[in-house]
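Next, two complexes with chain A in common: one pairs it with chain B, the other with chain C.
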Partner chain A sequence: MNVRSQVSMVFHLDKCIGCHTCSIACKNIWTDRKGTEYMWWNNVETKPGTGFPTAWEDQEKYNGGWKVEDGTLALRSQSRTKSVVNMFHHPNLPTLDDYYHPWTYDYKNLFDAPEGSDQPIARPISMVTGEPVAIESGPNWDDDLGGSPVYAEHDRNLEGLSEEQRQQLFAVERLVFFYFPRICNHCLNPACVAACPSGALYKRGEDGIVLVDQTRCRAWRACIAACPYKKVYFNWSTGKSEKCILCFPRLETGQAPACFHSCVGRIRYLGVLLYDADRLEEAASRPDDELVEAQRSLILDPFDPQVIAAAAANGVHDSVIESAQRSPVYQFVKVWKVALPPHIEYRTMPMLFYVPPMAPVMANRGQGVVDSVSDDLFHDIEAARVPLQFLGNLFGAGHDAKVRYALRKQKAVRWHRRAETVGDVDRATADRMLREADCTAEEAEAIYRLTSLCTFEERFVIPPMHREEALQMLEEPMEHKQAAGFGFIKAPRRGV
Partner chain B sequence: MRLIVRRLVPLALLLGVLPGPLSEASAQDTAAFFRQNCASCHTIGGGRLTGPDLKGVAARKDRAWLAHFIVSPRRVLDSGDPYAQQLLQEARGVVMPDVAGMTPQLAEALLDLIAAESALPKSQFAGVAVPTRPFTAADVERGRALFRGDERLVNGAPACLSCHAVRGVGGLGGGHLAPDLTKVYERLQGRKGLATWLNAPPTPTMQSLFAGRALTDAELQPLVAYFEHAATQGGEDPKTGLLTFVLLGLGATVVGLVTMDAAWRSRLVSVRRALVERSRLARS
Partner chain C sequence: MTSVLSLDALLFGVLPYVALAVFLLGSIARYRGWRYSYSSLSSQFLENRQHFWGLVPFHYGILVVLTGHLVAFLIPRSVLAWNAQPLRLYVLEVSALAFGVLTVIGLAAAVWRRITVGRVRRVTNTRDWVLFAMLGVQTVTGVLVAMLYPWGSSWFAATAAPYLWSLVFLRPDLTAMAAMPWLVKTHIVTAFVLVGYTPFSRLVHVLVAPLPYLWRKPQVVRWYRGPGVVS
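What follows is the complex of A and B.
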């Protein structure tokens, strides 16, 4: 048993209101520099939709992630041969158009325009060249089903849905969408790290955050092709790849990452998981329908004395183990089993989990009156407007069993609370639902508390990073103290 | 603690080195030095190469003069010494270079070595035995095979062709990293000079490549035969060789670019634009 710690995340999609506050918080802190204009380390997508960059889930085009070849894992986009063949051009990279051409407006013109017969206007101008541009798309161009005949209908997760189901998804009075915020998943088996020819990407030993070493990056861009979630971006100004750093400078000082901190819907949870790195490869090579369970089995019980001993022997600090015991992520993923990894079939073992969203039930329209087909407006899972198959494609590698389990449990919690507070549901029905959903009243209460009444400290259980100990391995702490301060030791250099 | 250690270690090293006596170069080291630095121009009892045969050199000139000359031949020459001038003439104007790392102590050790080797009936520095008989076509052919790397060198050294060219050896005349060897036979003044040079290459690049991978006698002779053949038979004009090389390079570049352009036709096609285009077509 090779126990390691991983800072992991849960996004509760049932609570996301799609306000993009997270994206803006991230943008303002990290990607408002030259060369990063088009990057959105955090973005919020509408599902169904093609997302950002366009159709990132289409691995036939982008070739991201891993495949199982003769029983072993192999990258889809990179191999010894391909690294030579694709030396001058990598055929699987998104183009700038697939992201979007970043633009701003020529506000200066509003003040400086010569006097004329018309109002001056602020024309859209490119943030890259400064020239006027025609806006063709943006990072959330298909927000709230915008342009759905072009974008939403080409969502890869619609595969396997009947023609009728597809039509219903977009029919007036029946259409439905939900939000899907995305950051880097800080995977256990990151394809970007494996693909880098320069060894510039690495997974931090103490907390599993995946980072790009800006001095070692040589602009091969193999990481961008390899990441199936398209969460590594290329800075055209510095000629280096950049990605979500999970705000590690904030984590190291005990603060939640900016997107977590600013989340209006309080959908985000962060905590440490302990996992067994020895069984990682075996778990990632399992057949599609076993992957979710295989990943769960990697996550270890932080209360198990054997696990604690093995973790301590592996250099995991006591305070981190203690933090893992309070982790909300452990509850959602391993204990309650209501949070699921996105597209686990890419086999990178993402460590950002999603609680699948509840959806209203299907409606009928007869004689000008809209009528729902079920009395349980928000609770009939099979009749929900988002087909289970769609959620199964997104969160279950094409299999809906795990999604159904998670939704049933959420539904049972609602009925349980309804019996408690509103009283229009009798206790016996609520208890039966809890039993059917493999849930006890205590568990339902705990899920309810962590979902609805959670405090800041309950949502973000940030492990102590012990930078002082890491520092001690590299230099004399007293010397470091004298040399620390503001400014750059080595100023960032523009240009390739 | 670590700081103290860090500062003390270099000091300790310094102290450890200084008081130690400057060790006498052992006889074996001197012989190795001779082989590496002297043997390509001098033999001991093997006749003259570029420089004179050193057998019994002590009888020809006094030891103090010799030691002085070895340390810096250039200085002695510049001082107008008549014997040095005579040597220069005998060597057809080739000046003996100042040998890197030469010290008065080492010069003395070398003179000792030369004296000891001169006393032997056959010195280890008598030079390579090269037959005086005319080389056969088979010798030349084998030499060409070794040069081109068709036949591997026994001790694992890289084939000559990787860096050197000889006119007419192949389509492009060989590598251009190192000197053209077409006339090397003439430059090194015949079989003996060439064979000795190849036996213990004196230049730093060759030394690093051939350290521990020396050519065997069975390889030396065919190579000498091949170089002799190349020098006498000539070959095509070097300028035409270069022109072919440049033109071929240009052609390959063009073919490469065209192939890449064809193979990556889709590089400017964006996923999003294709989606928009497809649904526009579907609606119309």
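What follows is the complex of A and C.
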């Protein structure tokens, strides 16, 4: 057992209102620089939709993630040989057009335009070339199903849905969608790291945050192609790859990442998971339908004395183990099993989990009325307007069993609370529901509390990072004095 | 007459050493002082299609041509032995010329892309244009030499290789060089200038070609347990 700790996340999709506050918080802190205008380390997508960059889930186009070849894991986009062959032109690299051409407006013209018969206008100006540009698309161009025939109807997750189900999804006045906020998953088996020819990308041993060493990055671009979630971006100005850093400077000082902190719907949870690194490769090589369970099995019980001993022997600090015991992520993912990894079939073992959304699921009954009591208590879920298959494609590698389990449990929790507080559901029905959803009243109460009444401290259980013990920093305490940011004393300037 | 000779001495006896010294000191200094700038500065992200038709032929062309020069420099006798049979000589010459032409075409396509695509022009600076001009002179003279003065693979082994070795042994022997046509001279002088220009240009990316990827483990984990510990 090789116990390591990983800062992990849960996004509760039922609570996401799609306000994009997270994206703005991130943008203002990290990506308002030249070359990063188009980047959204955090972005919020509408599902069904094609996302950002367009159609990122289409791995036939982008070749991201891993595949199993003769029983062993291999990157889809890269091998040792291919790293040489594709050095000069990467065949799977998305280009700026797959994201969008960043622009601003020529506001100055509003003030400086000579007097004339027309109102002066502020023309859109490219933030790359500085020339006028025709806007063709932008971030969240398909927000709230805008342009469905172009975007939503090409969602890869619609695969396997019947024609009837598709029509149902896009029926006029009965449209249904939910939001899908995304950041870097800080995977256990990151494809970006494994693809980087320079070895610039790395996973931090102590907390599992995946970073790009900016001095070592040489713009070979393999990481961008390899990441199946397209969460590594290319800074066209500095010629370096950049990605979500999980606000590690904030985490190291005990603050939640900016997108977490600013989340209006309080959908985000952060905490430590202990996992067994020795079994990682084996788990990531399992057949598609076993992957969710395989990843769960990697996550270790932080109360198990054996795990604690192995963690301590591996240098995991006591305070981190204690933090893991209070981790909300552990509850959602491992204990309650209601949070699921996105597209685990990419086999990167993402460590950001999603509680699948309930709201649209509940709203598909005759004439739009939800039938509250029937003998088949989970009928609504089976006959969902967002078909289970769609959610299964997103969160279950094409299999809906895990999603069904999570939704049933969530529904049981709601009915349990209705029996408790509203009283329009009798206790016996609620209890039967809990039983059928593999849930106890105590568990339902705990889920309810952490979902609805959670405080800041309960949502973000940030482990002490113990940078004070980092030898590297102790050796040269003055090294970063008056540094402009993290790691650079001089502002990074594009090479010649 | 003496003035011409002294110019040759300057170009073929002094310049190589200056270029090499500048290359070594400059590259090391840049790596120590401004490591961040060691990047290929790829622009594929801004423009994809023309990138393929320029960058791929250019790089494969120049890699083969440079390897050819290196082999002829390292084992000139074997090259001469190979060329003893006319058929083998033709094969070698034709394929060398083909890769040379490929290089020129690729370079032309890449430069054309830099000129015509606004986004890419935006990330091209003066030093890049200087570099492209030098590479243009270098590759075009190379192809012209191959066409106008045939059997270069043989006469390179007989003249240029001994000259280069004389440089290595710090006893520059300029007799062969002095007798060269001006086209060949230009080709050689530009080569030395390019070597010296490397630390001041994007050419430094050649020095950080990611060979370790061919044997390193896929996943990289860095611990803060000790300075610079990478496991």
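Throughout what follows, the second predicted complex is superposed on the first by the 454 of 496 C-alpha atoms of A that agree within 3 Å, B and C clash if a C-alpha of one lies under 4 Å from a C-alpha of the other, contacts with A are read in each partner's own complex, and residues count from 1 in each chain.
The rule is simple: a residue touches a chain if its C-beta (ideal position, glycine included) is under 8 Å from a C-beta of that chain, and two chains touch if they have at least 3 such contacts.
Since the structure is predicted, the reported quantities are computational estimates derived from the model, not experimental observations.
Peer 1: In the superposed model built on chain A, check whether chain B and chain C fit or clash.
Peer 2: clash
Peer 1: Answer with first, second, both or neither: which of chain B and chain C does A:K61 touch in the superposed model?
Peer 2: Touch status of A:K61: first partner only.
Peer 1: Counting only touches as set out at the top, which of chain B and chain C does A:V150 meet: first, second, both, neither?
Peer 2: Only chain B is touched by A:V150; chain C is not.
Peer 1: Looking at A:P197, would you say it contacts chain B, chain C, both, or neither? Reply first, second, both or neither.
Peer 2: second
Peer 1: Which holds for A:R218: it touches chain B only (first), chain C only (second), both, or neither?
Peer 2: Second partner only.
Peer 1: Between chain B and chain C, whom does A:G205 touch in the aligned arrangement: first, second, both, or neither?
Peer 2: Second partner only.
Peer 1: On the superposed three-chain arrangement, identify whether chain B or chain C touches more chain A residues.
Peer 2: Answer, by number of touched residues of chain A: C.
Peer 1: After superposition on the shared chain, which partner residues are touched by A:A312: those of chain B (first), chain C (second), both, or neither?
Peer 2: neither
Peer 1: Quick one: is A:T95 in contact with chain B, with chain C, with both, or with neither? Answer first, second, both or neither.
Peer 2: So A:T95 meets both chain B and chain C here.
Peer 1: Indicate the residue numbers of chain A shared between its chain B interface and its chain C interface, in ascending order.
Peer 2: The overlap between the chain B and chain C interfaces on chain A comprises residues 88-89, 94-95.
Peer 1: Which chain B residues qualify as touching chain A in the complex?
Peer 2: 2-3, 260, 264, 266-268, 270-273, 275-276, 279, 283
Peer 1: Would you mind writing out the residues of chain A in touch with chain C in their complex?
Peer 2: Listed in rising order, the residues of chain A that touch chain C are 75, 80, 83-84, 87-90, 93-96, 128-131, 189-190, 193-194, 196-199, 201-206, 214-215, 217-221, 224, 234, 236-240, 315, 467, 470-473, 475, 488, 492-496.
Peer 1: Could you pull out which chain C residues touch chain A in their complex?
Peer 2: Touch list, chain C to chain A: 34-48, 51-52, 55-56, 58-60, 118-119, 121-123, 125, 127-128, 200-202, 204-205, 208-210, 212-214, 216, 218-228, 230-231.
Peer 1: Which positions of chain A touch chain B when the two form their complex?
Peer 2: 50, 53-55, 58, 61, 88-89, 91, 94-95, 97-98, 137, 149-151, 153-154, 476
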